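In the two complexes that follow, chain A is the common piece, with chain B as its partner first and chain C second.
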Partner chain A sequence: MAGYFNELFSGTKSLAIGLRITIKECFKPVVTLQYPHESLVMTPRYRGHIELVGDAETGETKCIVCGMCQRACPSGCITVKGEKREGVKGKVLTVYQLDFTKCSLCGQCVESCKPGAIDFSHEYNLASTRKEDFIFDLVKRLKDKS
Partner chain B sequence: MNEVIRLVIYLVAIIAFAALNAAYLVWVERKGAGHIQRRIGPKEVGPYGLLQPLADGAKLMSKQILIPRGVDVPLFMIAPVLAMVPAIMSFVTIPFSETLVARDINIGLLMIFAFASVNIMALLLGGWASRNKYAVISATRAVSQNVSYEIPMLITVITIVMISGSMNLNEIVMQQTNILKWYIWPWTGNFLGPISFLLFFTCSLAETNRAPFDLGEAESELIAGFHTEYAGMGFGMFFMGEYANIVIGCSLITILFLGGWQCPFGLFPGIHWFLIKLYALCWTFVWIRWTYPRTTLWGLLNLSWKYLIPISLVNLILTAGLLKVM
Partner chain C sequence: MTLLAESQLHETFELNLGPQHPATHGVLRVKLTMDGEYIVKAEPVLGYIHRMHEKMGENRTWAQFMANVGRMDYLSAMSFNHGYVALVERAMGIEVPERAEYLRVITVELNRIQSHLLWWGAFVLDLGGFSPLLYAFDDREQILDLLETVTGSRLTYSYFRFGGLYNDIDENFVDGARAFIKRLRSRIPMYHDLVTYNIILMTRLKGVGPISAEMCRKYGATGPVLRGSGIQFDIRKNEPYSVYPEFDFDIPVYHEGDCMARYMVRMDEMEQSMRIIEQALDKLPDGPVKAKKVPKLIKPPIGDYYHAVEAARGTFSIRVVSNKTNKPYRMKLRSPTFSNLSLFEEASEGMLLADALALMGSLDLVIPEIDR
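Moving on, here comes the complex of A and B:
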């Protein structure tokens, strides 16, 4: 019989404690971010899709068209093309295409790049109804940026 | 003729009141849930999301009513109506203020409980007619739950009726002229006082199938329970019936224990006091829903048979004794 009443009282007490906790939370400020209206600043190490890094002084690409990233990519989503130009040492980058539909963000390309010409972008607003929207022209992206 | 016009006006007003309450209690529910979980809740449609219920209603009404193959069509169609009509009917005897009552009948309390039990019939029919195993399981759960919770609820009501000596809701309210005369207090004759109030409150939570007693529509196990197969306004009717029942339950608690439209200090009684008490209780329903997890079926039945029924019976006997002495 004592057990019966103990259970009743301890049960009621714990229910009251629960109610007290939720009503306290109810009047605390909201912690969620109202996404389309406000957004977070991405952390420096956020890994979005890759992008070409411009030289700090000239803004030109650091890419030497060695093709290591293209080789390192396990999904084959990188296409790099370059050409020899009169009076310029080495090759000049003409095409850097990323097929993001296949990319798994493994980062092998970034690791394999000796001159440090590619890095992860902080892009995360990526949604589209068309597949073609995810084939990025990174050379154009770098130009738009600089 | 005047009497007919008066009834029509009351009917329209009651349906509007029930629908408006259903719509805006959903808003309160979602806002409450949001803030308890430190979110905002609806905010995009209108200021503070206040037009959200209208958008939801328009969506529900414009949806097709699907009738799956193999359902019992007449019962399937009747069930949502049966869920809604008793809830509306119960409003007829509720005294919103001294004069604002559609039909001031002597057995108003009995009538409300009679209609409240028809509501369970709707759940059972809806679940049974759906030809869906989850719906049937849910319907059986809802029935066993309602049967076991109606007993302590009615015993508590008998206690109050013994004290007041009347089943006329308006008369019960008129006896509770100020806060000290509310039937929640032991010195009015209700021996266990606030405990019987809590008991009645718990029972009305269970009777309206609200969390933590929402076993009937346990989303994680039974999809949506008895209204799994209902689309569009079929579901909408169940939903409105459910919220109308919450309003009825809260009105009854207000009338039986908290003095209805009477002011706590005996000044300016009227509909505003009724609404204040009503919505405070409705908020408590929401608050409770977002605090407690769902009980198990045996936990639910244990609570009723091992705690609520014995306590309410003890209260009945002690109250009878107290009234004899007083």
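Moving on, here comes the complex of A and C:
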């Protein structure tokens, strides 16, 4: 009988301690964010999908079509193509395609890029139901931006 | 057990726990042979998310494999990355600057706390308590934010490089880490009041799912499972790597071997990790974060290399054979929870189903790491 009352007492005490914490927490400020209505700004180092960086003055791409990023990528999601044009030194970038469905955001491409032509974007609202939406034409994106 | 022995003649039935089940935290299937509410035999069935990481390692360059390691155990990706870079550095004979080693330890320990916090929430969730998960996530989010500002990623960091780090910390990191430790220190007594000393939790965990030291040795269990069974073994102390020997910390050990012991080991480990981080922040030297003499083409000399680290769930080790090409010749990965899960079959024999789920939760399973 004594055991029964002991258990009853310790059980009620344990419940009261738990409730005290819960009630205290009720009066603390809200820590969550109401996502579609508010959203976070990503930190400067956030690794989103890659993007071509425009030259500060001309807005043109810094890419020299060396293909290092393509070779560094573990998943083979980058396709770079360029052509020779008269009067221009080196190659001119024509196609820079990123297959984001395969990308694992490891950052090997950005690190391998000597001229600093690619960088991470800060976009993260990328949900879609179509696969084609994740195959980015980065040359077009750069043009649209500038 | 007596009940089970008496009912041996009774009819048994088979029950599938998983592949998708809230208590299995991933795609793990456990084929249970049940005698009423009692387990006669529990057979884990693996392979639902096998991705051939070992074979992938042999098909990509040394640097390219980096992203894979973090994806095995997404909760302690930092420790796994550490194991891999340390292995390649050992093979190549690369000296890592001291600042980089300190920052590695700080981030790995933050990652360990983060992993234990998630385990704590999920484990209590398995036992039927929902709200502790939200408290744990509140604190865990602080760590993720801190690591995100430095590494740019929240789970699969890929922050380490052969010979150092991807980039140096920003000016807010040290203060942020200190503020977080202060915050968590004030929260842990609340965790104990809310959960550890809760009478329902104690009754559900004390004496439930005993795992003996012999069983741990037999199956090669490591990490908190081993330390909850009374064996003081931690790679950080037993085979010191990086700058761990410079810090003063204890290895928590409990001798009961039950779910409560494993629970307490993890709770104490968070405190020890905080001690390590504090010391590392105090001693943090200045200097570069990347070694100068890292060859562009990684081609380790012909040989057989091995490195082990203490991840949040136990010993993670890699063995590679190099034939001096830009890709490993053979790669063998040893992940902790694969061994920890192996003992489940023997340990759960004769247990009530609900208790076996408590046991499974206390093993802290991460399925992608079991399947690899």
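Criterion: the second predicted complex is superposed on the first by the 130 of 146 C-alpha atoms of A that agree within 3 Å, B and C clash if a C-alpha of one lies under 4 Å from a C-alpha of the other, contacts with A are read in each partner's own complex, and residues count from 1 in each chain.
By our rule, a residue touches a chain if its C-beta (ideal position, glycine included) is under 8 Å from a C-beta of that chain, and two chains touch if they have at least 3 such contacts.
All values derive from a computational prediction rather than experimental measurement.
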| item | value |
| --- | --- |
| First (chain B), second (chain C), both or neither touched by A:74 | second |
| Chain B versus chain C as contact partner of A:18, first or second or both or neither | both |
| Which superposed partner A:10 touches (first chain B, second chain C, both, neither) | second |
| First, second, both or neither for A:58, with chain B first and chain C second | neither |
| Which partner reaches more residues of chain A (counting touched residues only), chain B or chain C | C |
| Which superposed partner A:129 touches (first chain B, second chain C, both, neither) | neither |
| Chain B versus chain C as contact partner of A:43, first or second or both or neither | second |
| Which superposed partner A:106 touches (first chain B, second chain C, both, neither) | second |
| Touching partner for A:31 - first (chain B), second (chain C), both, neither | both |
| Overlap of the chain B and chain C footprints on chain A, listed as residue numbers | 18, 21-22, 25, 31 |
| Complex interface listing, chain A residues touching chain B | 4, 8, 15, 18-19, 21-23, 25-32, 34 |
| Residues of chain A defined as touching chain C within the complex | 10-11, 14, 17-18, 21-22, 25, 31, 43, 45-47, 72-74, 104-108, 111, 120 |
| Partner chain A, residues of chain C touching it in the complex | 60-61, 63-68, 71, 131, 135, 138, 141, 148-153, 156, 158, 166-167, 170, 190, 193-194, 197-200 |
| List of chain B residues in touch with chain A within their complex | 32, 34-40, 43, 287-288, 290-292, 306-307 |
